[in-house]
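Pasting a structure here, questions to come.
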Amino acid sequence: MSRTTTAPAGVQEAAEVVSARPVGAYTHLVLHAPEAARRAQPGQFVACGVGDSGMLLRRSLSLHAADPVAGTLEVVVAAAGPGTRLLAAKRPGDVVPTTAPLGRPFPIPEAGTPGVVIGGGYGAAPLPWLARVLTAQGSRVVGIVGAASADRLLGTSAVDDATALDGIADALVVTTDDGSLGAPGRVTDALPEVLLELADLGDPWVYACGPMPMLRSVHTTTREVLGQGARTWLAVEESMACGVGVCMTCVLPVAQDDDDGVRRTRMLRACTAGPVFDGDALRWDAIGAAPHLRGGALVPDDAVGAPTAMGGH
Amino acid sequence: MSRTTTAPAGVQEAAEVVSARPVGAYTHLVLHAPEAARRAQPGQFVACGVGDSGMLLRRSLSLHAADPVAGTLEVVVAAAGPGTRLLAAKRPGDVVPTTAPLGRPFPIPEAGTPGVVIGGGYGAAPLPWLARVLTAQGSRVVGIVGAASADRLLGTSAVDDATALDGIADALVVTTDDGSLGAPGRVTDALPEVLLELADLGDPWVYACGPMPMLRSVHTTTREVLGQGARTWLAVEESMACGVGVCMTCVLPVAQDDDDGVRRTRMLRACTAGPVFDGDALRWDAIGAAPHLRGGALVPDDAVGAPTAMGGH
Amino acid sequence: MESATIKDVVHAPAATAVDLSTSIGSFHLPAPTMTASGCAAAGAELAPYLDLAALGAVVTKSVLRDPRSGRATPRMAETPSGMLNSIGLQGPGIDSFLEHDLPVLAEAGARVVVSIAGGDADEFGELAGRLAALGPESPVGAIEVNISCPNVANRGLVFACDTGASRAVLDAVSSAVSSAAAATGRPALPVLAKLSPDVTDLVAVARACTDGGATGLTAINTTLGMVIDPVTLRPQLAGVTGGTSGPAIRPIAVRCIWQLTAAKRAGVLPDVPIVGAGGVASGADALQLIAVGACAVQVGTATFADPSAPARVARELEAELARRGVARLADVVGIAHEPGRGITRSTDL
Amino acid sequence: MESATIKDVVHAPAATAVDLSTSIGSFHLPAPTMTASGCAAAGAELAPYLDLAALGAVVTKSVLRDPRSGRATPRMAETPSGMLNSIGLQGPGIDSFLEHDLPVLAEAGARVVVSIAGGDADEFGELAGRLAALGPESPVGAIEVNISCPNVANRGLVFACDTGASRAVLDAVSSAVSSAAAATGRPALPVLAKLSPDVTDLVAVARACTDGGATGLTAINTTLGMVIDPVTLRPQLAGVTGGTSGPAIRPIAVRCIWQLTAAKRAGVLPDVPIVGAGGVASGADALQLIAVGACAVQVGTATFADPSAPARVARELEAELARRGVARLADVVGIAHEPGRGITRSTDL
């Protein structure tokens, strides 16, 4: 891979909540964090403190938008557990400690390369910003957003105008598992047709954010439909303790060509080497392979420094 | 002592904050806790949860007032440490978990017995309610409130009308250590004159709330001035983990006559045997005797079950 | 994304009440939550806040032979998600306990676990004998042996830190209990040894206790901690060190119960019931301790913030199990040790 | 009510800067805060958030002989006021560390404590030898020996749980360090043994380490904990158990440092410097560890929430000391052990 291996560093700011409003099942927050707003690019995230509580660790949220002039970052929070519940309940005037922008942004292809941006649930949050960057450089962009049901959708004006892809992407497909809005089914059901259409304009770049099973399916579908004639850029959501590369909790097995030309798998930090990874580099055989570990990833036997049968670690 | 040894039990209510307003350096909170409001008497306290935080334990606050009709309790909070800081920052609509009313109330003398009510700092909180009960039964009541400086005063209309003794007590003396309001000096400087004046009406009952050094001084002064011709009822502030009598953290050494007529000292729970104690029963020789323990009390050698020189505990 | 699926666990329609009953040897409990020793005084103080008879059991503050004043104050310090205590086993002694406190619990219909403590094995044995000699109408269903108290003979080192001392205490207790059983013809009272987490080899101490005759284990007691007063820069507690309790120590409790249960499953420890304690404040917390192997759970520090907690935790636990379609508590005791038997959800397509 | 008074402590006008310098044997530190091993990766990752050169030292993630992938994921679980981690010592191995990571720290002007780990005493010795052989221009000021890692020869039991194993590791490290010193004529690198709190007798393990040649102690490493996943009811960490860290364990850290310092004062342990670690998130927290005897303090988990924490804690500590009129950090190291020397306020009239 030609990309650098470290992410640009973030900055710490005590961000005042400028506005907080419900968007479907989620909460859209605008945070005043001027220095981060100046630096941020689509695909990066912000680590947010949840406030005075027994919960020490920051919560990572994808940047929905950054306004360098207003000095604001925007995020969309799903109240998934106790920490995001506190974040989703923030009111204007509250202060959220932030470190941002973190992680490596979505890579941007040569001008004109067609793109597909795919979001599952709140995973659609960073897509309008990304789509705008792509279309601005002349790429045709098709959006696909999906969710289990209509209330968990994001990115379509059927839910909320301000966070929608409508009018930014050249076309938008909406799916729900239960058919409550858009086409019944999954985002990947809609993907083959979109890929085939765009392939006429060049090898598409496929961007996806959402749960790991969806990312896997996006990668598999893309490869099935277009063979090697496409790239996939997947924003993963690994459980993160620090977000800045110091704790090694957020790793997943990634195969990369070393300087000596040999492809080797290492457990790479999603917060600094990601969160956006090339779908071909992820070791799908090891990710999610042990059901009792839920989203966890195993260490492939051929990974550098993997435990050996004889003792090891 | 003829008083029962257990306090009436409290009730648990999720109390909504009805109003919150600054009073001098303190915050006056009105809490909707209808069942507790029905039962409460002056001298009792409420144990308040501080909310979602790493702080598990409730904070004890004296009841300033209880309105059985409105179903409200009133308290005055000093932001002393992290927990009371959170409580003092509550806004209307917030919910505070409460257990109340807790502890044994101030004992009330025969009708007509003259009374002195003395408060140090926010210790004045329960005095207006107590004074009203006493005057209603025909007692002459003099109030003395004091603090280090004017901003830490409570109970005088010079600070706040709604929480003041003015107009409830028959007379009110105000002192500050730095002379910034009222007479320069301590509450106990004003006490001898008040005691001598009231002694003409009968043996006065002296009630005091405030830091332990002040309570000690009130007791000593009263005994010096009137010999045994007065009673002192002191509301102590021991560090409390539970407030309901189950943890044994809030104890202090108290001497009482047992059924066999022998006076014995035991480590009694301030939350259920107190917080109001007869000043003569407190073992002043052991309370605050070790400076490195700050407010702590030692176990007198003659206490029941005290550690013996030989091993013991 | 995928919904929870349950394998191998007996299913019940969601509306059916969950069978929460459990037992510790001959001691049958209708509900799996208890108070924790020292966190409910003699028990009666909680009566205004919960139904003592509906609890699995009331566990008393550790009772000694003689009255005890306890330590000087301060006796507590709040810590992040926990607290320290250093009470020093304040109590009225066994005579007063039997005369005043136990009848109140009997009257309330409570089942009682009496925690005992002593300065040497003899004191433990004597206390156990007194309890075992109570008539069949007594509410005492089990004895819990607090071996985390100082051994007078050994520089105050706590019994629980030494396999020999632990075994000696349990020997004394179990022989007192057996003699009483033999004398009366009634079944022997179950004996729970309460373990300290502050040891290098927990299983070895547990084994010493079962070798000494413990018929069950309680895990865990507090872990030794300390707080410095920010003003004096001296230890904040009069007792210098104190026991850390509360949610902060829950991961340690879960780990200890896991280790004990793993040792039972490996045959290293006999198959005795384990009562869990440590940082339980909700039904979900209790379920963690149960999943690693506890058949009943004590609620201690949480009671200080919410005096109804021991009862509330049982209700919440029932809801947690019902939501998962689990019909009987017994079906999930130790389930965390059983690959493939747990409640899983597929995490990938 | 009464204002704070200070006895016996050297006074400084409040505005004067406090002398925060400290030393660990021959290793002099301008400031008493360090990163904690495994909480700052190789150190460079924190450069955007603090001045590495202004820290007392950067403590590296434990380095092993060979590259290591670490464990499967999940590797962490949040706990009340703390977290569990089970990383499995992921790292690139000593060659890569010396080639890539150390030069970056040297470039940044950082002082470095290299944490080393191994599966047997030989591996520790080899690593120590490599580090001790570095030239005088190397930024390495001390070695920290992570004995809380599994001993391959003894069923993966961690070295720190066994006095013999701990001593063997320290013997290997100190002889490698001494040989290098003898060969080069330079003073031997200070060697810190990093202790685990999960032992019955901490002082005995510490003594084994100093007997083996440790010239200082770091206390404490994480305490073993476990969390059960609420959905699967199986251990949440891929590694089953994990190390508990963060403010939840601070009372344990304070107690351990107190015990070690008390043992030094009693002559049971040699008078070696103690570096504190465990739950430090503020200057006031650091002061607790210092008051019980730490001469320097590591900031670990707090860095995850605030990557500037190791530097911030030093600033806050300076303010805490200045507020008390303390001129030199050294004046309060261990002050909690000295009746009458502490900072007191009268509590009674």
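Which chain is which? They are A, B, C and D, in the order written, and residues in each are numbered from 1.
In the analysis below, contacts are C-beta pairs under 8 Å (C-beta built on N, C-alpha and C of every residue); 3 or more make two chains touch, one makes a residue touch a chain.
Values in this document were obtained by computation on a predicted structure and should not be read as measured data.
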Chains in simultaneous contact with chain A and chain B: C, D
Gap in Å, rounded to a whole number, between the CA centres of chain D and chain B: 46
Mean-CA-position distance for chain C and chain B (Å): 36
Touching two or more other chains - residues of chain C: 80-82, 231-232, 234, 246-247, 339, 342, 344-345
Shared-contact residues (touching 2 or more other chains) in chain A: 54, 291-296
Overall pattern in which the protein chains touch one another (line/ring/star/complete/other): complete
Partner chain A, residues of chain B touching it in the complex: 52-54, 86
Residue ranges of chain A touching chain C (in the complex, touch as defined): 54, 148, 211-214, 216-217, 287-289, 291-296
Contacting residues of chain C [partner chain B, same complex]: 38-41, 45-49, 61, 66-76, 78, 80-83, 85, 87-91, 93, 119, 150, 152, 229, 231-232, 234, 238, 246-247, 281, 301-308
Complex contacts: residues of chain C adjacent to chain D: 4, 77, 79-82, 84, 161-162, 198-201, 223-228, 230-235, 240-242, 244, 246-252, 254-255, 258, 279, 284, 287-288, 291-292, 332, 335-336, 339, 342-345
Parts of chain B lying in touch with chain C, wherever the complex brings them together: 9-12, 49, 54-58, 83, 97, 99, 238-239, 241-252, 266-267, 272, 290-299, 303-307, 311, 313
